[in-house]
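First chain A sits with chain B, and in the next complex the same chain sits with chain C.
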Partner chain A sequence: MPDTQALVNDFLNKLKKLKIEGSQATARQNAELLRSVISQQRVPYTNQAGALIDAVKAVGEQLIAANPVELAVGNIVRRVLHIIREEDLSLTTAAIGGLNLSAVSDDENDDDRDGDSTLSAAAVAAAARSTLRPPSLQTLLEDTPVSAAVPQTSSSGGDSEGKSKSADKSSRSRKLKHDVIEAVNEQIADIVICHEQIAEQAVEHIHQNEVILTLGSSRTVLEFLFAAKEKKRSFRVFVAEGAPRYQGHLLAKELVARGLQTTLITDSAVFAMISRVNMVIVGAHAVMANGGVIAPVGMNLVALAAQKHAVPFVVLAGSHKLCPLYPHNPEVLLNELRSPSELLDFGEFSDCMDFGSGSGSPLLHVVNPAFDYVPPKLVSLFITDAGGHNPSYMYRLIADYYSADDLVVQRRATAGN
Partner chain B sequence: MQFDDQGRVNKSKKRAVFNQPEAKNRVELFRHLPQYEHGSQLTDLESKFLELDSMHPAVYKVGVQYLAGDVTGGNARCIAMLRAFQEVINDYSTPPGKTLVRDLTAKISSYVSFLIECRPLSMSMGNAIRFQKSRIAKLPLTLSETEAKAALCNDIDRFINEKIILADKVIVRHAATKVRDGDVLLTYGSSCVVEMILLYAHELGKQFRVVVVDSRPKHEGQALLRRLLAKGLSCTYTHINAVSYIMHEVTRVFLGASSVLSNGTTYSRVGTACVAMVAHAFRVPVLICCEAYKFHERVQLDSICSNELGDSNDIARVPGRPDVNSMDNRTNEKNLQFLNLMYDATPSEYVSMIITDYGMIPPTSVPVIVREYRREYLLI
Partner chain C sequence: MGAQKKRAAAAAAAARVSEDPDDLARQPLQAILLADSFTTKFRPITLERPKVLLPLVNVPMINYTLAWLEAAGVAEVFVFCCAHSKQVIDYLENSEWFSQPNFTVKTIESHNIISAGDALRLIYEQNVIHGDFVLISGDTVSNMSLTQALQEHKERKKKDNNAVMTMIIKKSKPSPITRQSRLGTDELFMAIDPNTKQLLYYEDKADHSKGTICLDKMLLAENPSISLHNDKQDCYIDICSPEVLSLFTDNFDYQHLRRHFVKGLLLDDIMGYKIFTHEIHSSYAARIDNYRSYDIVSKDIIQRWTYPYVPDVKFCGNRATKLERRGMYRALEIEQSRSAQVGSFTVIGYGTKIGSNSKISDSVIGEGCTIGSNVLIEGSYIWDNVIIEDGCELRHVIVCDGVIMKAGAVLKPGVVLSFKVVIGERFVVPAYSKVSLLQQPTVHDSDEELEYADNSSGTVEFSSIQGTADQSNGEMTSESSEAHKPKLGTGGVGYIWSICEGGQEEEWRHSVAPIPEDKLTELSEAMDDDQELVTQDRTALSTSGELISDSNASEGDDNEDSKDDSVYFEKEVEATFLRAVEENVKVDHVILEVNSLRLSYNMTSADCAGAVFYSMMKLAIKTPHSSASELQQNTANIITTWQKLLKSYLLEIDEEIEIILKFEEMCLESAKEFSPLFARILHILYDKDILQEDAILRWADEKEGADESDKVFVRQSEKFIQWLREASEEED
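For the complex of A and B:
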């Protein structure tokens, strides 16, 4: 336990001091940290899933609070919680299936919701019709008979469940943790190779003699363009420098090193040049549930210009960037304001920014946001490691990765609902 | 002149006053525009000072000021050029065997081509030169040389006074009526007319805030910011990427222009089109403040057919950022080009209103003014 606490504190420190660059690295380290938390967690014999979930939520709360703008942290925490619930569910159904009960199309819900092992029929039926489970045809057609069948099974199942639990509780406990850790490992592997999977789709989108515009620097975009170059597609790239971080310069350097024709332009020239561009390909910081994109500042400008000239605006994002939250007022809540010194030289303007002189309030405010919000109607296509999607489809992907219970990562008081 | 035509380029090089090496890594799309290596131009021109006996020193001085970037902005450049021409006319004496009209026109043309070498003409300067040449051509033949020279200098004075100085005052009066208490006004870069408007409205006692948007590589907004703060206006400063962030609190956008073309397109500092587009998306009115002498009968659809290319080193080098500047040695890589556009064309649908000395007009009325009112100043 003290071991994990030290790891958690270390990671919290890194998050608070913004020492980790990029959401992929953050996501990977986060997943590894949660894996160690899970493996170190001692689980009781009953309701192990609940204990694991509590432990992960405890750590997750702190991680999210450390850097609320880095949405990948919250995503991974919610994914791990979803994995725990899923694994527990599959183990429970396997156990019940092994007791030779009548085929129940509804699966028993996770019992960790109220922390009680005995289930009421109503709870099971309601949970079975939980919105995140895609309704199977049998559920839709056999609505009443199922709910009638459930009380029998639960009453008889309750006893047999007790028996089964006492019988193989030890093997089950080991199995749950084991399965969960395996699934988390798969997640980590997915995060690590997301760039390759996205880059594989490059050939479908870039043909010959294309002119591509991008802003700032994104590793996903870099790999995407390299993959197209490998497949001998000829294209030129306009890179907008992306003030005030000027990451466009770094991207241009890398592209030139690989032999791509690159032109570096200022951000103010984006509207002037976009009429000669075939496609805009950019990376994202996070993708929200409505299909909106949180991207480095300046992206909204590019998206509007692309819409005006009917140029496709393609966003590349690994699936660890998909966030199940809806962006309410994203310019303020999901943004961070950086230091004015990146825009103005303090030496020249310090007299104007001084709170002490004059009437006490400074005449000059400097605004330097780090992120921009691009609404879903400006995005033509999302390319993720799971394929290409419309912005209107992104909300469905949430069901694959997240559970509805985990949208607010907070430890609940022990009483059940 | 078409710079993609090698024959013409060679001819102009022979006539050139000073040596300008062409840039090595030219952007393909802009082959029709001149692009020079900026490092050695100024020293080269300065070294030629004593050799240029055919060049009037006032014109030479203005040329050096253009090249060094000391005089920028449509109005300032135009006034500087016209004052230099005044001195030329004052010092002029007709050589024997030639007429004043023809000889003076030829001299002015040669000076103009020198100024073009230093920096391509802005539209305002082009219109002023046309006015000048037409006044010379219209001189009655009965005038003696001194009378002719006096008349021409007088015309120049009137042009500057009526078309620029008084026009600016009229524009400022009109525009100040559009500023209400509690407004948040956004401006981009540094336009002398917009600065006058803001200061005048502040003097009138209106309560408003100013947002100054700036961009690389020139950071012209910083000079404007300093002057506004000195007068006590409360300002917000940001860079062009953050325009979407700040636009939701803005009530009006005031922009300056280098010229307004006959199809309603505004030709102004690069980045103006981006600001106007975002303002349009947020339903904020965009007001262009431009004197009528800057209107032109040309039409342009995009920013590429006609533009000015600046120094590519300004893009490659970011002052104060050594981590980014390690790319400097890359300027000679053949795959990498830097594009430093100076102007861009804002489509007319983003502009709500143009404030000129003839009043406040919609962008569609620009060709009307060009056609109906142009004749007027030719006849003064």
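For the complex of A and C:
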């Protein structure tokens, strides 16, 4: 699959050189890339899911390593892996229900051709585990007959060899791939319309004559505010400019273009203004499993100010921003330090950075972090495309979106065993 | 070469371009990357490895340039390889640059090229450049966006076919003490038209000893306004039109891009080619020209000015590196002892081992290095696979691949150890020395060699090695006096290169080590002297305004500056006056001249009166005379001739008193001949209505309370004063 490789390399390059701006674009392109990886992947007769998971993991590993700070990449890789597992599971159960056949027993047949017995075994184990785990909210809602699969998988033996029908197998393999691609397409569509889905909930949260405060610029927040405006809500928006990138200026411009009453303030004025604010609505870079938020720099100050004045602090995040990892040392490890030139003009300060005299080490250091970490206790509510949630509920939502087996994508060899 | 030939060639080039003006806009952007700097500043390292492959924060320099070109939207890059071309080509072939989509890298190889000019001529012959191109050398680090500069260049080109080049500049203040930029290059003077941004003057080798630069007066005549800068840094990134290549071909003596080409175009008023500038503000661009800029640019990278070309972003297939607190970059698989102290702004490469109690700060450590215990590394650049044994000390040095430092060895600031050198146990390498396995070349035979006198500091006669080497490690020489035997302590391998005379004093300017404190004080003292020189040299129009004193000398302010000023002013006035006497200038004109001097020195009319009177007296005393009476006669004559001049400054009594005081002073000091004549000349002045009786009387009154010694002249003229007093009383 040379063309997939080229696509992967291209995307890797873009990730490495930080050429993609924004996690939504990254997530969408990433999902599209994985879709083409799946569609190009030649699927063996049996253990289709294993082969697909293998392929996606191989690519995913590279993608995550390319830019560890962009968490959306890892999220999408894990999401796609989860989709494959789910589809495989539902097919297996359906097949069992219809044909009374064991899905897993076919594996022994093709082990020599496959050459990867551990992985197929891993897939079996994964399937078994996923059937055994407590029913998630999603599966409950979808009403899949999960419990039916359990006795069948465990009782799988060698008796099924003669009974398997090759025609059925091939159709099933095609069906799995088809279903997976279908589901990934849905996922892409979800990413694309996540703004609208979040924005739909705007009327429930924004009320007449309220004052909303936001920091920096986020597409999700923008759409959210527009949606409320369209529903004839009249409210005012305070925009903190979001130094040093000043994206708040752009947001203010767009809000005014849509006829919203907007006030632009400096970041440092947030605390002074917060007492007049009814609700803080902000976007996020990523939402961690503990409900903590990685957000543009300055957000922690806003959250603290909001807490001081008991103003609700609402974070909008598409589901692709939900990250199944727990933050460890988030101020540094999950941060991105940008160029100091956004803070000050090099030319004016060039004499402060003349290392040629004195001790040789500069006295002036300029640090420009891109993100802040907002701990979960400061967040009042998350609004995702699946609705509003408490920070303490995020782990549950994440359990719905990702398989526990995929949390560590890098260690492929040991992850399955 | 004749101007005609130039014109014809340029016309041809223009025709070639204008064939498809629309195509030009759509053409993919090309770039020429010179993978050779054609200088010897990085010797002895560059004898073994080309400069563009030297690691800059653990990534070969050329990667920064290529990554930037790719990000800036360049579609095709021609890498011109000359010295060590095989190494460069091999490296590129094994790198990922050949397999990039939408970005082609092609190499052009040549071995008999000795300058950038030759390289461009060769590229012109190959006929591969079809439109505007970016000219850059492989040692440039930048993160600027080309879009705007390119747009401006194209628009100018459309309007004026002679706008052939846009030069990227950046603001950066040079140090007033060392007269060099922070990158270690000489202070650069540029004259730029503030409206059109046209470059009018470029001088990077200004003579600081004179403290002046010379601008062609036509510059001032032809341009409504020009601004002269010394705070701009040349980024050595040029956007050129294809004509530039043909210009190099036509002018076969153009070698250096700046010294010959840019200056050549600026001086050449026949063709009227123009160079424009584009200033970048928030983005970064710098060229590594010498060891100092290597140090500075490395630090800029670590401080992330070059973002996104920083160690923790994998812009060119570099190894994963994590950025930790306080600007520490660490690759994976590092073995670090618990007691080792790794300070801020340090980069540590993959697989490096650091022993206990070692201290590292502000340094870059390459891959696979082994550092023992109790090692001190400060502000140094250690490349790959270096072994540093216990107790070594390294301060502000560059250590290349594969070097072994035996226990207890010490490198003083500014040392450069080339590849695979071994330093013996407890050996102290003296400051600024360069050590290599290769002997210092004796003849100018290298393909990297240049004929510029100012760049030849790296090469000396072979015979001098022995002497300098002996002297630099005097205590070790007892065992052998043979030049060929390495003298780097027991077990040491390598030759210490000698620094040629003249180069010695310049060594600190361009080394990785910061400029030592004593040099700075020395320089600032020298600078003060320079200023005095400038002040004394008042006849030339001074460019600096700081010497004009704003304190009022007549108020008896004995501030150093104003004192100096009045001395110079007096000299100026005297010169003017003497010239007027010699050339018979009209009195009115002299008044005008003195007035202008008075304005430029911010003097009062009392000062003028004093100075004029002083000059007149000096003239009188210089006129040949045999006796006192003759001198008196001469004085009277001169006063009669020039009384109008003197009177024009005597507006009030104060000025008249000033004259008397001045005269008194002269009689005491410079012109003692006058002292017996004091009363008589005072009388003459009174007769000529230059001095009024009030002034003389006030002077006498003022002197009443003075010391006896001060009263000499009052006594002498006592009779006269008495007479004046009586006369005035009579009048009453």
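As a working rule, the second predicted complex is superposed on the first by the 343 of 417 C-alpha atoms of A that agree within 3 Å, B and C clash if a C-alpha of one lies under 4 Å from a C-alpha of the other, contacts with A are read in each partner's own complex, and residues count from 1 in each chain.
What we mean here is this: a residue touches a chain if its C-beta (ideal position, glycine included) is under 8 Å from a C-beta of that chain, and two chains touch if they have at least 3 such contacts.
These numbers come from a predicted model, not from an experiment.
K.L.:
A:18 contacts which: chain B (first), chain C (second), both, neither?
P.N.:
In the superposition, A:18 touches chain C alone.
K.L.:
So, does A:366 touch the first partner chain B, the second partner chain C, both, or neither?
P.N.:
Both partners, chain B and chain C.
K.L.:
Identify the partner contact of A:276: answer first if only chain B is touched, second if only chain C is, both if each is, neither if none is.
P.N.:
first
K.L.:
For A:241 in the superposed arrangement: first (chain B), second (chain C), both or neither?
P.N.:
first
K.L.:
According to the stated criteria, A:338 is in contact with first (chain B), second (chain C), both, or neither; which is it?
P.N.:
second
K.L.:
Figure out whether A:266 sits in contact with chain B (first) or chain C (second), or with both, or with neither.
P.N.:
Only chain B; A:266 stays clear of chain C.
K.L.:
Count the residues of chain A touched by chain B and by chain C, then name the partner with the higher count.
P.N.:
Counting contacted residues of chain A, the larger count belongs to B.
K.L.:
After the superposition on A, what does A:10 contact: first (chain B), second (chain C), both or neither?
P.N.:
A:10: touches chain C, not chain B.
K.L.:
May I ask you to decide whether A:66 touches chain B, chain C, both, or neither, giving the answer as first, second, both or neither?
P.N.:
Second partner only, chain C.
K.L.:
Following superposition on chain A, which residues of chain A contact chain B and also contact chain C?
P.N.:
Dual-contact residues (chain A): 340, 345, 348, 365-366, 368.
K.L.:
Mind listing the chain C positions that touch chain A in their complex?
P.N.:
By the definition above, chain C touches chain A via 67, 71, 99-101, 143, 170-173, 175, 177-178, 180, 182, 184, 231, 281-284, 292, 295-296, 299-300, 303-308, 313-315, 320, 322-325, 327, 345, 361-362, 378-379, 396, 513-515, 520.
K.L.:
Please output the residues of chain A touching chain B within their complex, sorted ascending.
P.N.:
Where chain A meets chain B, its residues are 238, 241-244, 246, 249-250, 252-253, 256, 259-273, 275-276, 297-298, 300-301, 304-305, 308, 331, 335, 340, 343-345, 348-349, 352, 363-369, 372-373.
K.L.:
Write out the stretch or stretches of chain B touching chain A in their complex.
P.N.:
Where chain B meets chain A, its residues are 27, 29, 214-217, 222, 225-226, 229, 232-246, 248, 270-271, 273-274, 277-278, 281, 302-304, 307, 315-316, 318, 320-321, 324, 327, 330, 333, 335-341, 344-345.
K.L.:
Please give the residue numbers of chain A that touch chain C in the complex, ascending.
P.N.:
So the residues of chain A touching chain C come out as 6, 9-10, 13, 16-19, 65-66, 332-333, 337-342, 345-348, 350-351, 353-362, 365-366, 368.
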